[in-house]
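So that you can tell them apart, the chains are marked A, B, C, D, E and F in the order they are listed, and the count of residues begins at 1 in each.
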Amino acid sequence: MKKIEAIIKPFKLEEVKDALHDVGVEGMTVSEVKGFGRQKGHTEIYRGSEYTVDFLPKIKLELVLADSKVQEAVGAIIKAAKTGKIGDGKIFISPIEEAIRIRTEEKGEQAV
Amino acid sequence: MKKIEAIIKPFKLEEVKDALHDVGVEGMTVSEVKGFGRQKGHTEIYRGSEYTVDFLPKIKLELVLADSKVQEAVGAIIKAAKTGKIGDGKIFISPIEEAIRIRTEEKGEQAV
Amino acid sequence: MKKIEAIIKPFKLEEVKDALHDVGVEGMTVSEVKGFGRQKGHTEIYRGSEYTVDFLPKIKLELVLADSKVQEAVGAIIKAAKTGKIGDGKIFISPIEEAIRIRTEEKGEQAV
Amino acid sequence: MKKLFLSLLIAVVGFSGLVSRAAEAPPAKADPTIDQRVADLEAYVNNVARGADAADAKVKSNVSGAGPGHNAFQMVCAALVLFMTLPGLFLFYGGLVRKKNVLSVVAQCFGLAGMVTIMWWAFGYSFVFGDGSSPWIGSFSKFAFLAGVDSNPNTNYSYWVSQNVFSMYQLMFAIITPALIVGAIAERMKFSAVLAFVALWMVVVYFPLAHAVWGIDGAMNGVWNAKASIKAIDFAGGTVVHMSSGWSALVLCLILGPRLGFGKTNMAPHGMLMCAIGTGMLWVGWYGFNAGSAVAADGVAANAFTTTTIAAAVASFVWPMVEWLVKGKPSILGFCSGAVAGLVVITPACGFVNMTGAVIIGVLAGIVPFLACAYLKPLLKYDDALDTFGVHAVGGTLGALVTGFLATADVNSNLTTNLKDILGKTLWIEQLKAMGITIVLSVVATAVIAYIVKAVIGLRPTEEGETIGLDLTDHGEEGYHG
Amino acid sequence: MKKLFLSLLIAVVGFSGLVSRAAEAPPAKADPTIDQRVADLEAYVNNVARGADAADAKVKSNVSGAGPGHNAFQMVCAALVLFMTLPGLFLFYGGLVRKKNVLSVVAQCFGLAGMVTIMWWAFGYSFVFGDGSSPWIGSFSKFAFLAGVDSNPNTNYSYWVSQNVFSMYQLMFAIITPALIVGAIAERMKFSAVLAFVALWMVVVYFPLAHAVWGIDGAMNGVWNAKASIKAIDFAGGTVVHMSSGWSALVLCLILGPRLGFGKTNMAPHGMLMCAIGTGMLWVGWYGFNAGSAVAADGVAANAFTTTTIAAAVASFVWPMVEWLVKGKPSILGFCSGAVAGLVVITPACGFVNMTGAVIIGVLAGIVPFLACAYLKPLLKYDDALDTFGVHAVGGTLGALVTGFLATADVNSNLTTNLKDILGKTLWIEQLKAMGITIVLSVVATAVIAYIVKAVIGLRPTEEGETIGLDLTDHGEEGYHG
Amino acid sequence: MKKLFLSLLIAVVGFSGLVSRAAEAPPAKADPTIDQRVADLEAYVNNVARGADAADAKVKSNVSGAGPGHNAFQMVCAALVLFMTLPGLFLFYGGLVRKKNVLSVVAQCFGLAGMVTIMWWAFGYSFVFGDGSSPWIGSFSKFAFLAGVDSNPNTNYSYWVSQNVFSMYQLMFAIITPALIVGAIAERMKFSAVLAFVALWMVVVYFPLAHAVWGIDGAMNGVWNAKASIKAIDFAGGTVVHMSSGWSALVLCLILGPRLGFGKTNMAPHGMLMCAIGTGMLWVGWYGFNAGSAVAADGVAANAFTTTTIAAAVASFVWPMVEWLVKGKPSILGFCSGAVAGLVVITPACGFVNMTGAVIIGVLAGIVPFLACAYLKPLLKYDDALDTFGVHAVGGTLGALVTGFLATADVNSNLTTNLKDILGKTLWIEQLKAMGITIVLSVVATAVIAYIVKAVIGLRPTEEGETIGLDLTDHGEEGYHG
């Protein structure tokens, strides 16, 4: 099994979720993160004080799935999340050794 | 070393923490996430507008520990987090190559 | 490629970010997490009710980078994040099999 | 549930047309002399009766309606008391619950405001201020559907404030009293059960009690009713508002049982800032509650305004200082609790005591309810979620009692009308009697009503519903998004 | 944009000195007799004219200035109406948008408050309350730059309230009316475009309409102007405030188009608690709006206070009960919407109807606007983001109409001055005429102005700007940090 | 620390009984004639003295107590000024700090409210308004423990407002003034140090200054004291409130040093929405502050109400417009700052200037404090966390000066009593003198007190405590949970 982690722009979440759903991904975990990268943040001025906010709001998607499904899922994410503008985000793939469904104690690919 | 990531129901956090503590896990990192899976979300209606919230609040636990302790920790999590109802969550196990304690610069299993 | 995950004290974020920047790390993803470890939390008393908050606010940094850069990045993090007091946090290193930049679909080390 | 309320509503709207409004033809009266006219104007400034207000008056008054200064004040006070519930309690109570239940607190306060208004219009005002029926309950037919309650004063209650304004002012009391109960049962009572419980409770507890204490012919109206069987005094609601809600809250929270996870889960307030903001609003609104209870912008109101300020401020300081001493830190909840406790304890006393009395009350209010919340509650392990009992029952009881000792005719000459003989002597015994009746009525009635509601529609949500939170379970919404 | 406003500002400040203030020498008058002096004091209590106020008066008055009770009330009412916008609407509207747009709502309300005040000072008050020019627009020269508007009453509008206070009170109406429009176009209109649109809209829609309805010689001022061509009545702003803003809001939101992602993205309110708090503030502030429209603390104000309470409370209960029946759950937004709808519908009626009328209005207000928001909007698919049309246009229209049927001289004898013949008969036809004119003026003018602003500076932010949120895009700040 | 306050408290309560209250037997006076009775009633409407108020009066008055319209107004104004601190400042200041310090701001404001009330009761009111001792400090024995301060007017300060209400009204000023200082030292001063500093500061700075400016025999009371050595004017507190707090704030924040990480860490406001809500509340409450300073609901109050509205609205618009021009975007903090600056600058002037004056003040208030905050502060690098100096000191100083130029007897005839000769001429020089004294007193006293407190208990928390945040460190609570 693999874990796909995708960092995307927040307003793309719905589209990515739908795209993943279409290729049969049934579960995922999402968190709000702040990203730092090439995309530049903004400056806020409060009376005389300037603050540069270079961490931008991003969404991190995590999905664990069978090796066979990785390709398709990555394709779906790219398609849905790409705007072509800087800051679209990244996808990282890493190995998962075991997965367990707490409710049933099923293991491995059945669990995800 | 391994990393255990567990996605659980929020109100189970205290119990899971205690259960892990009982099997000797002394450190962990917790974050608030949103989960999408078989468990269905709810619909909110604001005057004429309906919004389906299919991301449900979940808690993600991350703990890095020696290979030898994984089995026990997983058992503890399952025991404490299981309600038997859909949406109980998942456990994922992945490899960790190195761990470092920032304060002391200790490495490896001593660091966790 | 490797993923470095670092759990640090929140007020150290700016310094760590700058230190990483200095060693050429150009991207990272940050999230707010709660940590449980040797560092003790605090007790809040609301009229007659006491609540112990043992989860402390921490920041989790995630950065994916080429194997060759790992050593330097870890050094930078330790240097900037260390206060020498309990609770300074941890660094975990794990393998990443693939990285993709969504905008360009570049892969591997070019993507990060 | 829903059907019940809807049919009630429809029935009541229907009936409102049927009540007869017999107009009594007033006997012809003479025009006032210039002296009488000036006297009437002086009466306005001094907030006393016009010549024409006497039962046997032979002259008319050229200023027979309400007077602007008093009426303006009363309208503002009514608005201030509403402000205490909406949004005062939204914030004060809403800030103290967990995030997932914040809207349920809002719904309970808001729902009670609407339901009680409809009851008040239909029969509540009659039951409380309709005179001529009984010392324990007002006359329904007198003001049913607020018939005859217009912009002229009802001189039983005020010479210079419009009766419709007076009725709205008193409505705000009828709204906030049951809303205080919400504090004890927060986070675990079904919305429908709250509505049903309060609907019955108003009829059985609040209306009779308010009539007995404030109705012109009420059994416990020591100030104005020469024939009162218990000559107790309660300026702005120590018994009627705080004791009734506080003691009922205790019983209801015992019958309801503690919240799931009580004592184990972290149930810390989700928004102490909100709570503090709400406290500020309660304090400001309480001026309407206390000074407004003079039903005139006169010297008694001025005194009530002053004692309220002092008691609240002193208690808001003493409570956290005691905490600092005992627990090591002065908490924001301590400041908030102290302020509210000070306001509660001064409530029955504010128009009867002087500034020294107010300081004493402030100090007591900063200590006694603190002890109840910090030591009694953990000892007895009842789950009075937001301390309605600890603050309102304990504070109200304390206030009702000390009023008996500290009341002085120096600041309120009305105390000499019917109470000259017992003032400063045995008044506190009358107070004890009124307190006893209030406690017994509240406790017994609450128990009976709670078991009835439990039997008919149930009190608590499902375990899952309570775990998810009442906001989603009962209202399908969340307090905060994104 | 910026330059435009700045030069406007400078120009206007400059001109303010130039307007001539010709002092008319008053003819010498006799000192009042003791009888007249007492009568004048009685006039104060009764809120009627002094002897000296008559056009042909031969005596002076010893109390020719404002009267304390009335003036105090009017100042408080003005503050309460300001409270509705700042911070009432910040919270009510701010809570209903998404997190990323909350400050833009604040900026729009706040910016309009400042801009409209400057316009009001320079010419707005003149255009509305300057008499002697036309039934459709006031006389600019009369009160330009508020010259001559001092602490003495303008007896065209009130015998006992200072004209400067009256002018500030009315300013608060001129501020909140365009701020209501913000609800429909929230989350997607450039800040500069909002300012430009409203600047023009005030001149073309609000000032003429307010003059016609409330100006002493206004074309639709049925109560006071015997020569009004349309004998309509509007106590506190059903046509002037709610219909004008509501119908304009609909047109503007249609021209603007829906928010990006409308119908697909989750646009749930980010802070329902905030919205509920704002609702409480609106309700409390609305007493200033409605009771204050009597421009005196008299019996009419008392009646308005009472009917406002009842209608708001009933509607706040009926709306969520209907939801409970139809959608399965009573929502907090339902309580809030019901309260606001009740307040909107009673607005034109509050000083003219009795308590039964208020109950009827409360029930209607809980149902009709609900149907508009819950069924009409999804059907027609316009993006009235926060339901300005559904609540204010529908509610205001409903209110204006039922006022025609329910108004009664029993609670307001002013209705007999010029309307004796049509009251209870054909008054509703006059109401229909006024409503028609209001709708036509609002719709047409809004369309024209919107297209002009669109052509000159554009209405919407860039797609990216809208996606990021107006808080960062237009103001460089975020509503919440950390 | 704790012990100190507790023993103080106990001591003070104990002493309060000891102060002698010698009742002076009034010489027998004649009953008023009908003419005098009417004249007294007219005096009520016109807010002037009764016949009986003259020192050598031979008649009584039938209306010798407070008058309803004025008293009602004053009570409402007192409540409004309290509203500015609780919860106004909670929100305005609380929103501007970082999340981890929000409750500490609440605690500071709340704690000062309680402590200052106790001081005020024991000796503060005496030190300010007790006459007959010195032009620079009031007589302690006159009103110690508020003895003799009852519902009758003190005609030194008002003919028709109860003295107890007046004392509470003035208490609210004594509460908010030190609370303003909190803005400069936010996020880094120990709670105990704040209490200790303010306790001393009130005695050394506020009470003397308030007596000198507002005491009937005060050294700088140009309006009422014919013997004032400096004939300055300050309607509602330009010197007493804003300059004193603002200049002290600067000195205290310099002695305290900047926050840890100042200039490096992001210290952006954690809740701009909260800040905006607080601004709205401040504005509304400020009507009590400014109009209420007439201590009557008369024409002067009406004028103050009007000029306050205009100055606040204009400045709230000008500040962000200047920002738009200079920084590219109009910020919400700009709107808020502008409004508050407008209110600050008009404060000393509101009852003395006309509408044109108000517009000029509004424009200046939108520009000058903006320059101080946006350019002076970064230049000089002092850490005035929430700009108490930039807004209150700069604004108050500006206001005190321009009042000298713009004051006109047209709107306030009291200016002719003692100031006829210098009004419109050299009044500004008197203003300069008063300003100089205020600055010197504030700066020197603050430095001395701050070093004393630093030496005795220390000013700052530990580094770790400051890093964690004062909410947890000082109060053991967090502002938001979950």
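Keep this in mind: a contact is a pair of C-beta atoms (placed from the backbone, for glycine too) under 8 Å apart; a residue touches a chain by one contact, two chains touch by 3 or more.
These figures come from a predicted structure and were not determined experimentally.
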Label-sorted list of chains bordering both chain E and chain F is A, D
Chain centres from averaged Cα atoms put chain B and chain E apart, in whole Å, by 54
Taking each chain's centre as the mean of its CA atoms, chain B sits from chain D at a distance in Å of 48
Touching two or more other chains in chain F are residues 34, 38, 41, 44, 67-70, 72, 76, 266, 268-269, 327, 329, 331, 333, 476-478
The positions of chain C in contact with two or more other chains are 31, 44-46, 94-95
Contact graph of the chains (line, ring, star, complete, other): other
Chain pairs satisfying touch are A-B, A-C, A-E, A-F, B-C, B-D, B-E, C-D, C-F, D-E, D-F, E-F
Seen from chain E, its contact residues with chain D in the complex are 34-35, 38, 41-42, 44-47, 67-70, 72-73, 76, 80, 98-99, 160, 268-273, 276-281, 283-284, 287, 291, 296-303, 305-306, 309-310, 313-314, 316-318, 320-321, 324-325, 328-333, 335-336, 338-339, 355-356, 359-360, 363, 410-411
In the complex, chain B touches chain A at residues 2, 6-8, 31-38, 55, 58, 60, 74, 77-78, 81-95
Chain A partner, complex, touching residues on chain C are 3, 17, 26-31, 64, 94-103, 105, 111-112
In the complex, the residues of chain B that touch chain E are 44-49, 51-53
Seen from chain D, its contact residues with chain B in the complex are 261, 264-266, 467, 472, 476-478
